[in-house]
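Here come two complexes built around chain A, the first alongside chain B, the second alongside chain C.
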Partner chain A sequence: MKKTLLTLMAMAAMSATALAAEIKPALVYGTGGKFDKSFNEAAYGGAEKFKEETGVEYRDFEPTSDTQGEQAIRNFASRGYNPVVAVSFAWTSAMEKVAAEFPDTKFVIVDAVVDLPNVRSVVYKEEEGSYLVGLLAGMASETGKVGFVGGMDIPLIRKFGCGYVQGVKAANPDAEVFQNMVGTTGAAWNDPVRAGELTKNQIDQGADVIYAAAGASGLGVLQTAADNDKLGIGVDSNQNHLHPGDVLTSMVKRVDLAVYNAFKDTQGDAFTAGVQSLGVEQDGVTYAVDENNKELITPEMQAAAEKAKADIIAGTVKVHDYMSDNSCPN
Partner chain B sequence: MENFDILVSILGSTVRLSIPLLFTALAGLFSERAGIFDIGLEGKMLAAAFASAVAAYLTGSAWLGLLAGIAISILFSLVHGFASITNRGNQIVSGVALNFVAIGLTVVLGQAWFGQGGRTPQVSGEGRFSPIILPGADAMRDVPIIGPLYANVISGNNILTYMAFLAVPLAWWVLFRTRFGLRLRAVGENPGAVDTAGISVTWMRYRAVIVAGFLCGFSGTYLAIAQSAAFINNMSAGKGYIALAALIFAKWRPVPVMFACLLFGFLDAIANFMQGKSVPLIGEVPVQIFQALPYILTCVLLAGFIGVARAPKAGGVPYVKER
Partner chain C sequence: MTTASVPLPNWISYGLIPLLNLLLAFFFSGLVVWWIGESPFEALKFLIQGSLGRGDAIGFTLFYTTSFIFTGLSVAVAFHAGLFNIGSEGQAYVGGLGAALAALALDHYVPWYVTMPFAIAGAAIFGAAWAFIPAWLQAKRGSHIVITTIMFNFIGAALMVYLLVNVFIVPGKMAPETRTFLEGGQLPKLDWLMALFGLKLGPAPFNVSFLIALVMCYLVWLLIWRTKFGYEMRTLGISPSAAIYAGVPYARTVIIAMLISGGLAGMMALNAVNGAAARLQVEFVAGAGFVGIAVSLMGRSHPVGIILAALLFGILYQGGADLSFEMPTITRDMIVVIQGLVILFAGALEYMLRPAVVRIYQQFAKG
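Let's turn to the complex of A and B:
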């Protein structure tokens, strides 16, 4: 009897620890690929950090086409993975479908909002981060002309461009901003040749700082800018190291935090559904300064950017969000 | 003057965008003139881009990258040849299969070797073909009209660009002024006659696809380590098909091939340039119109509106010796 009790207790204790530690997190990337040195790589970074800290293994999947996302999410959910994190707006409808089918699984979607009781939607105030890098671009530009190269032509990317324009104008009201999009399909995230060509066009028109918000296509933008001795601005991850001295700064979007927090909260049983909107105030978006670009960012520029940050947090500077009314004031 | 600067910029862009098309279309020219349809141009270009990026990264030499690109591209050609010449398989099926092999294999190998989602690491310096400034380009810059044209369109390209334009007269000379070219064209029109003359149709066609592979090696290399600085998944992005369209549009002749490629490159450059700009009276033109134009023009041509495009007579037909 005593023995059975002990065994029972032991089993209970084991299952209790098992519950706390044994989560099976899964991560579905966007179609740009895991190592795009940008958006998806940031997500990967967050997952790796969690793995390093807790020793909990996670599974991930790199969809190569828009149709694979739903399969991947459903696959993970049906095999008992929890939480299932999907990064990219492209999985919105997939998430709506699958999350409804698995009400006991916790889901997280990044860059889109899915209104279900078991889904956490993490969105970023990209316009604020883009405003900051726009401000820096406006100050760094000698010609008074700067460029923006977006990936796929969607409201989310226009939001980057719109925030950037506002930042540039804040630094230099007379500045001219050229805006281009690589394409209108998912392939636009993976076309550095066209992105580079668009960048060259902008440089020919006089632009000397070009902001890339185009996933892996952005590599072509930074490359072309570096080849022509102009400045590029990276996006999502810190891309300053790609061409040291030729990347002015990067608009860092902390996708890693979203993934890390999703895993961590589920493990600690602190998962909350609903919308999380991360801006400058929450350190969800910021501009990057490191040893690769500290020569390029003058103390005045840094001071101006820090002031803008404080103003945004204080609410004295309001950066217009393109997606709120699908238009840009400028 | 401002408009002129824009024109110069677009022309420079045209040249850069035309080069991969030009190499690939010339490759298709040799293959198809010998009677071997080559849908696999896209795959060969992609495989060559991957091979050259890997070799350039490992050795730090753009020229070794080019060699590797050519070698892989020729290998693909030989597989195509083995399937469609030796084994008399369907040339279209073989070409399409090679395209799929190239798309899949490059990503799988790239992921296995470098773990960057199929991309290869960036190459720089000697590992790339950098722009060459022709003598006097800077001095000429201030000369009106021809100055900017010389400095920004003719000068400032990489060596592969000049090779591409040299390849055009060379291809013409080989095809129309040498015995090899005569036989090659004959094999594509009437292989029976060539066979009667005691020339091996099989060997002739093999040599044609090897030349095609050789030229595709250049276009892939151009994409990976001249225009970009690394291989990226599916970076050929349909250029092989556009080149094929250019080849048909040019009615399988070398010099018109060059103009067709320049035209298609120009349309692409315009599409890039026109984005988000509004044209007086018309308003904003969707760039997709320009991107679709190469295909539309080719369809119009094939429908018989711009002269007649007659393919080599024996194209796509495996040669069977009479018994």
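Let's turn to the complex of A and C:
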């Protein structure tokens, strides 16, 4: 009986895919690698969700250098993969070249803008999400000192840091924010040990909530914070479950949605090019509350965060975007 | 008499033994591939096809090769003077600054062949400058060059990120990189060279810096084996105390050797910055400086050997990327394992097979 059911289900799934447009989606990760428990893994999650729902297989690739990224995007396009989704601003110039070579293929780039008729650019208002977790950090901190550990000192990470500082100051104008970067090379995204040391240093200076925006290095931040009975804040994916009770919240950036929607829209012939800027209003960025951290988020904190969310959407609170003038007010 | 000192004909030392080492490396790589459940022959086919099978594949392979020739020469020159320069990575990175400045300053006004000498000079001077302080510290203060050069890699990376994020970035852009050079600042592709062999280069970034690399190979050969300074360098490399006793000026030789080494590393930027990307990007060196160490070791620090070793690594880089693209079960980490095995067998275990080869050779020579 079970077997027949399974067969029936498989047949149903097969016919469902046959009905929808035949697509061959492809995904190119950032150089951090697929399983970073953060940015790239969120993208992977979106692709997996699509595969689960539709049964359509996809291909993915983890480049190790800029040259390889461009090759991978071109290889997918030239073999008829459509859409080709590339996550990370590192593929901006690659996307500019390849998308122009294959005008009939749909491309999606995450975290950067490529102005071509067949490219959808998905960018996030990281400053808004970071503002929310900053607000929570400012309220949760008992010492009035909080930390930020970024991966590399690049504009994207400054954008995170800038929003975070504004949120902290909104909760507690006298709060002190320590900011450190893990490194100056690509290895900075994959160095949890050094990230942990920086966290330790910030804790020694009095910080009791530390926000990580450092790819896989962030795992070291959360680990060190948990080991010292302080609070960490995760990034990109919901990382609350990594150390239940010791991760205050996570700044969730819905990269999974960008990938999922790209696949889904192409399948349903509803693909649109152009820039999608996803902020709090579109649920593109938010703070995560689940069973792992609900003890940590008091009702007042939740209320404050929800109010901030509503204010951002209403426009009464404007979170300064570092990218708008390459500077941060604080 | 130990087998190590038995003289062997050149074709055995420089032809047969490296070939056997390479076969051994491929054999063990094949075992690894087989162990994860893929066909080693299929994998080898993808590796070769992906690196040599099409015009654009060859173009990519030679593009990587060009970078590795520069960094390989860089390591080799220092090595002849007994210096282990593992700072080629940082020297190439800073060299990119010199190459990019020349292109940014001139690309509006002059064609590429006018910019090229300035870009070469800029890359070489900035690369050399980055090698100068470690060289001076080694020569005058005895600070070990291995330590200082590797530290300078990080200082170089910090400097470049700072400059790219705060000075050179195009406002409003996410990626920390300079503006794109106009044609006057780029090095043109060598599609005509490929066309001579009836191949189409396609999108591969194979460019004029390959020819510059070959010229540098010849110049390095001249320097090391045909000049007085090269002789002094080699003497210093084989026995510092004998060299100093014979009147070789230690500090001067060390510093000049390192400046040449740094300059060659810096010129790697011509390929990646002026040739391929047409802009200065973060992390454009992407490990080529470290690959240069393996290339130099495998190439026995001789320009011809370096060209061959650089080609081998070009094949492994390009073919490896293609292999992991075609066979998703072979991840990028597996490619690193295969590259590691080649370095292990062909570079580090250079003398492993030698005693056996010597014994067989002696039997034949007797008979």
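One rule holds in what follows: the second predicted complex is superposed on the first by the 309 of 330 C-alpha atoms of A that agree within 3 Å, B and C clash if a C-alpha of one lies under 4 Å from a C-alpha of the other, contacts with A are read in each partner's own complex, and residues count from 1 in each chain.
Quick note on the criterion: a residue touches a chain if its C-beta (ideal position, glycine included) is under 8 Å from a C-beta of that chain, and two chains touch if they have at least 3 such contacts.
A quick note: this is a predicted structure, and the numbers were derived from the prediction, not measured.
Participant: Clash or fit: what happens to chain B and chain C when chain A is overlaid?
Facilitator: Overlaying the two structures gives a clash between chain B and chain C.
Participant: Is A:E101 in contact with chain B, with chain C, with both, or with neither (first, second, both, neither)?
Facilitator: second
Participant: Which holds for A:S277: it touches chain B only (first), chain C only (second), both, or neither?
Facilitator: neither
Participant: Could you look at A:K200 and tell me whether it touches chain B, chain C, both or neither (first, second, both, neither)?
Facilitator: After superposing on A, A:K200 lies in contact with chain B but is clear of chain C.
Participant: If we overlay the two complexes on their shared chain A, which of chain B and chain C does A:E62 touch? Say first, second, both or neither.
Facilitator: both
Participant: Looking at A:T298 after the superposition, I want to know if it touches chain B, chain C, both of them or none. Which is it: first, second, both, neither?
Facilitator: neither
Participant: Between chain B (first) and chain C (second), which, if any, makes contact with A:D191: first, second, both or neither?
Facilitator: first
Participant: First (chain B), second (chain C), both or neither: which does A:S327 touch?
Facilitator: Touch status of A:S327: no partner.
Participant: Which stretch of chain C would you flag for clashing with chain B, going by 58-66, 148-156 or 166-174?
Facilitator: In the superposed model, chain C runs into chain B at 148-156.
Participant: Find the residues of chain A that appear in the contact set with chain B and again in the contact set with chain C.
Facilitator: 33, 62, 64, 184
Participant: Report the residues of chain C in contact with chain A in the complex, numbered from low to high.
Facilitator: So the residues of chain C touching chain A come out as 60, 63-64, 154, 157-158, 160-162, 165, 169, 171-177, 180, 203, 205, 276-277, 279, 281-284, 286-287, 321, 324-325, 328, 331-332.
Participant: In the complex formed with chain C, which residues of chain A make contact?
Facilitator: Touching chain C from chain A are residues 33, 59-68, 70-72, 74-75, 89-90, 92-93, 97, 101, 111-113, 152-156, 183-186, 323, 326.
Participant: Which of the residues in chain A end up touching chain B in this complex?
Facilitator: Residues of chain A touching chain B: 32-36, 40, 62, 64, 179-181, 184, 187, 190-194, 196-198, 200-201, 204-205, 216, 219-220, 223, 227, 242.
Participant: Using the touch rule from the top, collect the residues of chain B that touch chain A in their complex.
Facilitator: My answer: residues 5-6, 8-9, 12-13, 16-17, 107, 115-119, 122, 131, 152, 223, 227-230, 232-235, 237, 268-269, 272-273, 275-276, 288.
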